[in-house]
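Going in written order, the chains are labelled A, B, C, D, E and F, and every chain counts its residues from 1.
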Amino acid sequence: MNTSTNPCINTPRHDGRTVDALRTVRITRHYTMHAEGSVLVEFGNTRVLCTASVEEKVPPHKRGSGEGWVTAEYGMLPRATHRRSDREAARGKQSGRTQEIQRLIGRSLRAVFDLKRLGERTLQIDCDVIQADGGTRTAAITGAWVAAHDAVTRLLQDGKLAASPITGAVAAVSVGIVGGRPVLDLDYAEDAACDTDMNVVMTGTGHFIELQGTAEGAAFSRSELDALLALAEQGIGQLLSLQQQALQQP
Amino acid sequence: MNTSTNPCINTPRHDGRTVDALRTVRITRHYTMHAEGSVLVEFGNTRVLCTASVEEKVPPHKRGSGEGWVTAEYGMLPRATHRRSDREAARGKQSGRTQEIQRLIGRSLRAVFDLKRLGERTLQIDCDVIQADGGTRTAAITGAWVAAHDAVTRLLQDGKLAASPITGAVAAVSVGIVGGRPVLDLDYAEDAACDTDMNVVMTGTGHFIELQGTAEGAAFSRSELDALLALAEQGIGQLLSLQQQALQQP
Amino acid sequence: MNTSTNPCINTPRHDGRTVDALRTVRITRHYTMHAEGSVLVEFGNTRVLCTASVEEKVPPHKRGSGEGWVTAEYGMLPRATHRRSDREAARGKQSGRTQEIQRLIGRSLRAVFDLKRLGERTLQIDCDVIQADGGTRTAAITGAWVAAHDAVTRLLQDGKLAASPITGAVAAVSVGIVGGRPVLDLDYAEDAACDTDMNVVMTGTGHFIELQGTAEGAAFSRSELDALLALAEQGIGQLLSLQQQALQQP
Amino acid sequence: MNTSTNPCINTPRHDGRTVDALRTVRITRHYTMHAEGSVLVEFGNTRVLCTASVEEKVPPHKRGSGEGWVTAEYGMLPRATHRRSDREAARGKQSGRTQEIQRLIGRSLRAVFDLKRLGERTLQIDCDVIQADGGTRTAAITGAWVAAHDAVTRLLQDGKLAASPITGAVAAVSVGIVGGRPVLDLDYAEDAACDTDMNVVMTGTGHFIELQGTAEGAAFSRSELDALLALAEQGIGQLLSLQQQALQQP
Amino acid sequence: MNTSTNPCINTPRHDGRTVDALRTVRITRHYTMHAEGSVLVEFGNTRVLCTASVEEKVPPHKRGSGEGWVTAEYGMLPRATHRRSDREAARGKQSGRTQEIQRLIGRSLRAVFDLKRLGERTLQIDCDVIQADGGTRTAAITGAWVAAHDAVTRLLQDGKLAASPITGAVAAVSVGIVGGRPVLDLDYAEDAACDTDMNVVMTGTGHFIELQGTAEGAAFSRSELDALLALAEQGIGQLLSLQQQALQQP
Amino acid sequence: MNTSTNPCINTPRHDGRTVDALRTVRITRHYTMHAEGSVLVEFGNTRVLCTASVEEKVPPHKRGSGEGWVTAEYGMLPRATHRRSDREAARGKQSGRTQEIQRLIGRSLRAVFDLKRLGERTLQIDCDVIQADGGTRTAAITGAWVAAHDAVTRLLQDGKLAASPITGAVAAVSVGIVGGRPVLDLDYAEDAACDTDMNVVMTGTGHFIELQGTAEGAAFSRSELDALLALAEQGIGQLLSLQQQALQQP
């Protein structure tokens, strides 16, 4: 399929967006009171609470290394979704999907952290989905970076760090091929209907940290891939700006 | 100790409240969009999201009985608390405390439900603590009843129920002996310092459903118990009114 | 309901007891040979083996504190009950009920222990139900205190303790509203039929340690509560005497 | 080593027994009230409660086969032993030792059961060690058979079975090489000191069902094995008589 | 970094390969005797046993759908790796990495399966790593497709299927940026040293099924991505030929 | 049954073997490249990979003792068997059978190890069944000893040990009564049909380490036992020779 000749390229999506439009994105800092960083991030109806907690210890593989650690956990409230899903704590284990997502968030954050400069402490990120409507993992990464930034600011203010260990920004968005055309930032309805779904994580300097594309239906061609990457690059650019705007609030 | 002669009875509490004052209570309905009932309940800084989900099936012990079931699960986001607590899903099991609380919520709701009239379906309550500052279980019960009410209203509107299975209201509050005097609705600081902590669950007609008193420090006398019960009765009266006000919103 | 005017107040219960009578209680010390304290406690047909084991270490939260710890575990043999229940070790987890009960036993014992005087060691209580006929948790608390006393005596005799860390006695009983009237020490048949079930734990000086009342059927009024508390106070008085008599045996 | 020329063959054992003497064995039927069969078996200080429960269903692999099933579970109270061992229900899994033993008990009982004649029901054996002093698994098998017999008698009396599915008796004993000489029915002290430990399960007609010998220290020779088997055969003969005597009680 | 100007593009890799060379690949069919399809696939020193088992049932979400299911599990023998890793069965859970990989294998295979044509049966793929030296997941996918093909051939020969449900071929390879230049099919030493690691899964018609790129060190640019994709496309082309050659053996 | 008069004693077995013949046994050393000892052992179609890994630490019960530890784990690839069995890692626990077998392997190896001479390190044996056709545990023990020997040789060569901690050889075989006659080294078909199955582990000096006999069908007599032991002794003699031959290869 050649996306550039798709006749429906200008038809609005089911929610009225153009193919290259993000949903309304909101980043609310200081959302809860205990965490060193606490951000509610909303991509349309998707709402994820991202907290960053500072712990003055490191996991075994970092002990005595002089380096810190950044890690993440992900969860979904049972009725964040259209149909209630089982509570993972009650079932006694996290699903493969949950583990995949939390490993992705952790790697994405670590890509912009200088662990040596963090010192022997852990930044524990928790991303909990309050309401899900597609794109929870990309919203989580985008919000988690802001929460991590707030936690680092606190460490700098408290004199526990001399210089920020954050080496750059990171944000993420999903793209996919829905009804034959590449679109940006899929909501749940689009995600359920799409042939290909790709999550892209990029730095503030336009480089890739993670790229995870999956053909749920038909396999995708190289030209489709190029179209998806272009959409992602553009969307992430906007998300990076929104992060900076949020950080300029008090 | 004779509470009636306590000289400090009129000294305000650490947050300025009188001994018989609730914290500011807010009940926000329709807080998330998927659940049949979804309520954010706030007792001061304590914030609990209570959702009620309707499932058209019952657990094994009710199959074929013609009766429904009402049950609850409880969780705490890892950084809802002052210090981060481990994620129960990651540890692979729910703590004894979590199980105690969710069993309490389930029993409290069932006490005002006619399971026969509910029909063979389950009302699954989820209470998830977004931010904790003492009294999460009593806030949860108070909010869960409103969420359950909304879910039942939906069933009535959809014609799935002919008459409401709800036989009355239920609300809950904590009371305790702090610094030698009985007080209503303890926040975390008071809870950590108190000698005795009691959770009281009552119906709209002033009867008891649950009474759970624990002497954390010194054991408590019968006269102290009487004073605590009087405070609870008064506080629950106010909570029952707030529930009704919330239900009158559209 | 006004219990004082109940016409059937003098009708004997299904096993011939008056409303305020305990079942036959037996406390057999030195029941097994390895534990520092080992007591078989019987409340009628309910038989619970309570052992107290001294361990010269403390859990992490007490390490280096100079304080000791008292904790309890509870179990039920699979065929202690009318119908066989699953073995918790085989299922791979303890039920919520089991955890609730063992937490209650632990708190009750700690209420009469001076942990500083115990020194950095743990008193591990195990309560295993050999045969169940209602009231297993109250029998367990009553017997566990005697087992704990024997273990402490052993520590004193061995010169490991200079003074007893036990600050008082503790005993427990259940009360409930059965067929409309408050009764003491429910057996299984009464427990299954009762509207309200309350477990009361008191010290030797007549103060409350725990109060756990649950309306299984109709909610209970304040006057019913008062009647139940009076019964409990009286029954616990007798249990405290029986504990002392048992301790006077060699 | 040739055991027949061992000079110390007539020296009494540490508890005064001769090499070929069982400890005092007691079999108490109807020990608890709920189970269809309930036997306390004592081999000296080893005390095991064996219950046999009838369940009117079979595990999946027997469904629709017209055959029944006999299975066993084994447990040890935490302080049945000299030093307290962790509660398996709290740890969340049964040890390899526990599983080995319960599989052995189940196989031993099934060897004397005609599962077709049992019909599609399960005989669930529970063997719980109240006090351990060596030989818990052999005591358990010996007691379990009596409990199973009582449960079958109940089924015959209730008219649920036309003929007994029990095809013979089964009993078990341990033998071992202690201090260079073969001895019968080891207690804990001997078990801890022995070079070889063997558990032998035999039928009423003198055939072997199970033979499990383990060299804990030095490997054992064929002549030592022969001496151990002779001791076991003699000891099991006595246990089979004691089972029959116990069954003749009302 | 612009890979096209990298001066070391022609320097051989640590094992002598050029940047665009696969390791020696071997595909051995009928490796074990019980499975319907059984393939040992070797990418250099990486050896994975892939079996395909036919089960005449489907998981719950497919019951009554008329469709079949294809799923995969992945494991690593404890000493497949340089240092022994814990056995997942002994630890009691599969790692996040394991779950990620087995989900990837399952999705990759399903992408070339017409589940309707498979009928209500499951093709269960097991990929067990006998020896690991990098690229175990891509070797597993490449081998699993051959094993699945053999299992389908068996179903066709047995007359259980009228037409093959396999709609195309699938193979996978890893690419990465090592020492600043893009290379094909990383072994363990390269994988441990690389900045970016990407696993690519493609169909026989040159379309993408999965694309998973991760910047372990520096983030990667669009031009680096393009270079990696070109290498992958070329390598997968060779693997697809090797699969066809293997299938032509008897 | 008197085996010596069995008329079919000279009839070949279903695979043509005489009653006293082993299957073809192959011992392949250096089968995988990472482990200090790595042996593929084949008893006919049964193939088990045995690796021995040296770890420079000991489990808690040996810390500070100056002694080392030898332990074993056992696993079966899901499709090693005729019908696929569940993956234990996915189910989240090892079966009772698995635990029994790995405990047996560990004890058998420790019987010929001087743990003091091993020093404070662990020899971790992993036995993974690639293909099963009866006798996996006896093949595992026989192969594990060779793998352990290779690992010890490596320690001696590296100067980490001054003298070998291995005090002798150990090998194992199964024997059983099939169709009324005792046979050596049962394959799966014979194992499934046999009345009695016995696993015998012996040292190089002809002494017993383990003897595990189970009557699956009819109980076995003393004379049958004697016949089985004679077969085992003879078969183990051959296995011990094959181990030595394998060790003479480079």
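As a working rule, a residue touches a chain if its C-beta (ideal position, glycine included) is under 8 Å from a C-beta of that chain, and two chains touch if they have at least 3 such contacts.
This one's a predicted model, so the numbers in the text were calculated from it and none came from an experiment.
> What are the chains that chain C and chain F both touch?
D
> Based on which chains touch which, give the shortest step count from chain A to chain D.
3
> Touching both chain A and chain B, which chains are there?
Chains in contact with chain A as well as chain B: not a single one.
> Starting from the Cα centroid of chain A, hunt down the chain whose centroid lies farthest away.
The most distant chain relative to chain A turns out to be D.
> What angle of turn lays chain B on top of chain E when you fit their CA atoms, given in steps of 5 degrees?
So the angle, rounded to a multiple of 5, is 120 degrees.
> Centre to centre, using CA atoms, which chain is the farthest one from chain E?
Farthest from chain E by mean C-alpha position: C.
> Compare the contact pairs of A-B with each of D-F, B-C or E-F and report the one sharing over half of them by residue number.
E-F
> When the C-alpha atoms of chain A and chain F are each averaged to a single point, how far apart are the two points in Å?
52
> Report the inter-chain centroid distance for chain C and chain D in whole angstrom, where each centroid is the mean of the CA atoms.
Averaging C-alpha atoms per chain gives centres 34 Å apart.
> Just the number, please: Cα centre separation of chain A and chain E in whole Å.
Whole-Å distance between the two chain centres: 27.
> Need the CA-centroid distance for the pair chain B / chain F, whole Å please.
Roughly 60 Å, centre to centre.
> Residues of chain B that contact two or more other chains, please.
92-93
> Can you name the chains in ring order, beginning at chain D and moving first to chain F?
Following the ring from chain D in the direction of chain F gives D, F, E, A, B, C.
> Quick check: in the complex, which residue numbers of chain C touch chain D?
Chain C reaches chain D through residues 32-35, 38, 45, 47, 49, 51, 53, 55, 73, 75, 77-82, 84, 87-90, 92-94, 98, 124, 126, 128, 130-132.
> Where on chain A does chain E make contact in their complex?
Per the stated touch rule, the residues are 93, 96-97, 99-100, 102-103, 107, 111, 198, 202-203, 205-215, 218-222, 225, 229, 233.
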